[in-house]
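Got some structures for you, see below.
Next come two complexes built around chain A: one with chain B, the other with chain C.
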Partner chain A sequence: MNSLTELHLDALSEVFNVGAGRAAASLSDIVGEEVRLSVPSVEIRKSSEIDVSAMGLQSERFGTVHQTFSGSFEAEAILLFTEEHALEIVRDMMGSQISLEDLAEFEQEAMCELGNIILNACLSAMADMLNIPLNCSLPDYTVATTEEIFRRVSDDLDQPYVLLLHIDLAIERRHSEGHLIFLLSSTSLKGLIIQLERFLGAV
Partner chain B sequence: MAQLLSPSPFAMEQIFNSISLGLIVLDAQQTVHLWNGWVERHTGIPAKQVIGKHISEAFEELPSRAILNAITNTLSYGLPVVLSNALHRSPLPLFQRNEQDDGKSRIDQSITITPITAEYGERHCLIQISDSTTSIKREKILRTHSEALKREATTDSLTGIYNRRFFDEHYKMALGHAVRHSVPMSVFMVDIDYFKEYNDSYGHVAGDKALIQVAAALRKQLMRATDVLARFGGEEFILMLPNMAPDSAMLFAEKLRLAVWDLNIPHINSRISQRISVSIGFSNFYKHPDLDANSLLKCADAALYEAKKAGRNQSQYLSLQHFNMQTTAPAGTLHKSVSN
Partner chain C sequence: MKKILIVDDSKVSRMVIRAHVKAVHPDWEFFEAGSGEEGIKSVIENKPDYCTMDINMPGMLGTDAAEQILQTSPHIRIAIFSANVQDTMQNRATSIGTIFVAKPVTEKSITIVLNYFASE
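For the complex of A and B:
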C-alpha cells in the first residue's frame, strides 16, 4: 500500500493543525501580537508529478528553510515562503526594509528561526500524536528559484513521495501563505501509514 | 566525528574553557552539567557555583521565557532550536565586562540548542551561545555604506537629481507597468538653449551653477513619487511621468519651459532673448502595440530636434504613431507646435 486515503489525510491534517497551533503560540510570544497559523490542506503526490500548478506557486523565488529528520522514518522538510511573503514576515517581525538577497546575516537567522518554529511544531505534534520520536538537523536558510526547488524535488529518486502542506500565516493585519514540503522515501511513507493506522485505531 | 588521541595529553575541559563560544549542558531535569569558561567570564559566575543547579536559578536573573520554552521543547522532543539575535536580542543575562568603566553592557546573542544523548540513554541538551555584538555592528556599518553608495550611484553629483543610470533602470520598469496596466506614460526631453555660448561667455563655474538652478526648477514641477527627473547628458534633462496623458503633457511641458524662463538667468549671448531658456520635446505612450522601449525615447528626442529647428524656447509634441510612420515614410510636417 503506497498511498494515503482520505481518512489518513484527515488525520494528518489534524496532526499538523495541532502543530500549527503550537507554532502560532510560540510566534505570538516572540512578535508580541496575535499570530494565527493553520494548515488548510494536506496532499500526497509523487515527486515526478510536482509542478507549478500543483503547488499553486505564483512567485519566481522563495525563501526556504530546510531540515532533515530521521527516526522511525526519514524525510526532508522544506518550508517555502514566496519572496514577497518572506520579506513581509521578516519586516513585520523586525521592522526593516531590504530586498531578499540583501537579507543580512541576522535576518537570515530570523528566517531560520521562523522556519524552525513551524517545522518543530509540526514534527513535535507528529511525535506526540503518532507516537514517533524524531531526530532532526539544525535548519538552514537559502533563497531558491521555483525551478531549483522542482529540480531538487523531482531529482530525488530516493524520496519519490511528497507530502505537501499549505500554510496560512496571519500576523496582525498581514496575511501570508507558505508551503511545507516533506520529501519521503517509499519506506518512510509506509512507516507513516502504519503510524496513521495506529493513530486512527487508537482514537 | 570528533576524536581525541587516546590517552589524550590534555583534558576536554581545557578545550571547553578555551573555546570562544558559550557552552551549557543541561540534563533532562534541566540541571546544569557543563558551564564553560566563556559563560563564566560573561556572567561572572564560576562553574562550581552553578553545576547541579536548575537552569532557572543559574543566572543572576531569570532567563527569558523564550529560551526556557525552547529548552523544554528540545528536551521533550529532541528537536534542535534556533534563537536568532534579530528576534530575541539577549535572552540570557550575559555581559561584556569592561575593565575601564564599571558599566557592563548586555551581549547580543545567537543561540542554538541541540539534543545530545547521555551515556545511559537520557536526553540532555547543549546550549551554544555566540556573541553577535560585533557582527551586528559590522552589519549596520555595511548597511549604512551600501545605502550611501546606492544613493551616490544613482545621483548626478552636480545637480543632485537622478543620473542616467537610474533613469535607464527605472524607465523600463515604468514602461512595463504602463503596458501591463494599460495606463499612459509621458516622456520629456529638455535641453538648455545655446548652453555652449553661455559657458563661453560666463565660464564653466557659472555654467554649472545654471545647470543646478535649472535642475532645481524642473524638479519643483514634479508632483508624484513616481515622477522621475534625471540629467541625461551635458545640458540635457529627461523626465518620465507615468499616468500622464497627452493633453496634460502639453500643459506640463509649458510649465517646465516657463519654470526655467522665470528663473530669469541672464544670457547675453542667447539668440532667443537675454535669459536662459529651454527647448522641450515630448511624447506619450498609451496602449501602443508592439512597443520597442527605445522608440518612445527616440520619439521624444525627435520632438526635441523639431523644437530646436522651429526656433527653440518652445515645446514640441510628437506622437509615437507619427514617429513610427516618419521613420519609414519621408519626413513631413507630422509634428505639431504647441507654443512659441
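For the complex of A and C:
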C-alpha cells in the first residue's frame, strides 16, 4: 500500500511541474526577472530513513516555511531555502536599494509570502489536476538547522511517510535551491494513491 | 491521415495529450519522444505534420528543440505545451514561430492546440 508505481510518481512529478511553473511565473512577476526551473524529482520515503544524504542538502541552515494541507488527504508541507539566498530573494522582492541588514526586519513576513506563493501554486496544481478540493493553513517561517529539520521529520510518528520534492529555482545569477517536503500519514498516503489512480484511470 | 509527435519527459503527460487528441482525431498516427533530442530525431525519421513540445525536460530545452526542428522542417506546426508559464517562455515560443499553451493538459487547452494545427 505504501508503494507508488513509476506511473504514480510520474503523475506526481507532472503535478509539481505545473505547480512549480505557476510559482515561477508569480516569482518572476515579483522580482521582474526570469526564474529558471529544473525538472522536479519526486520520491516517497519512510520518515525514519530521512537524513542529509537522502535529501542531498548542501547547506546547514535553512529558512523553512511550514503549512498544513487538508482535504481529500492531509499533509504537512515544509519548504526549505538556503538561508543566505532566502534573504537575497527577499531583497529582490522588496527592491534592491534596501540593505541586507534592514531586510532582517521584513524577513519573516516576506519569506512567509514567498512560501505561500510556492506552496499555493503546488497546491492549486494538485487540486486542479486531480480535481479534488484542498485547503491550506497560514504559513509560518523559522530558520532551522538541518539537524532540527530531520529531528522534526523523523519524530513525527503519526506521519511515517515523506514525499520529497526537489526543485532548483534560479533567479538571474543567484542560484537558490528549494526543497519541498510533504509529511503524510499512512491514511493520507492511501488517499493520495486513490486520487492518483482516479486521475490515471480517467486518461 | 495526419501524423503527430508528442515530446514530453513525463509519460503521464504524453498519455494525457495522446488521449485528448485521439478523442478528436482517432485516425491520426501518434509518435512520442521523451526529450528534445529524441524529438529532433523522431521528426527526421517520422516526418510528422504536427508536434506538441514540453519545455522543461532533461537535456535541451523544448523551445530550443522546436527552433531546430523548424529550421529544417518549417512546415511542421508546433505547439509548446508547458507548465513554465512565465512571460519570457511565452515570448520565446511566439518568437520562434510556435504557439504557447499552458499546462495542465485539458480538453480546453487541447482545443486551442488543435485549432492552431487546423489553421493552415
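By definition in this document, the second predicted complex is superposed on the first by the 185 of 203 C-alpha atoms of A that agree within 3 Å, B and C clash if a C-alpha of one lies under 4 Å from a C-alpha of the other, contacts with A are read in each partner's own complex, and residues count from 1 in each chain.
We adopt the following convention: contacts are C-beta pairs under 8 Å (C-beta built on N, C-alpha and C of every residue); 3 or more make two chains touch, one makes a residue touch a chain.
In this text, all values refer to a predicted model and were calculated from it rather than measured experimentally.
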Which superposed partner A:E34 touches (first chain B, second chain C, both, neither): second
Residue ranges of chain C touching chain A (in the complex, touch as defined): 9-13, 15-16, 19, 56-58, 82-88, 102-104
Contact footprint of chain B on chain A as seen in their complex: 26, 29-30, 93-94, 98, 102, 104-107, 109-110, 112-113, 116, 120, 123-124, 127, 133-139
Chain A-facing residues of chain B, complex: 65-66, 69, 73, 76-88, 110, 112, 114-115, 132, 135-136, 139, 142-143, 146
Chain C partner contacts - residues on chain A that touch it in the complex: 7, 10-11, 13-14, 17-22, 24-25, 28, 34-35, 37-39, 125, 128-129, 200, 203
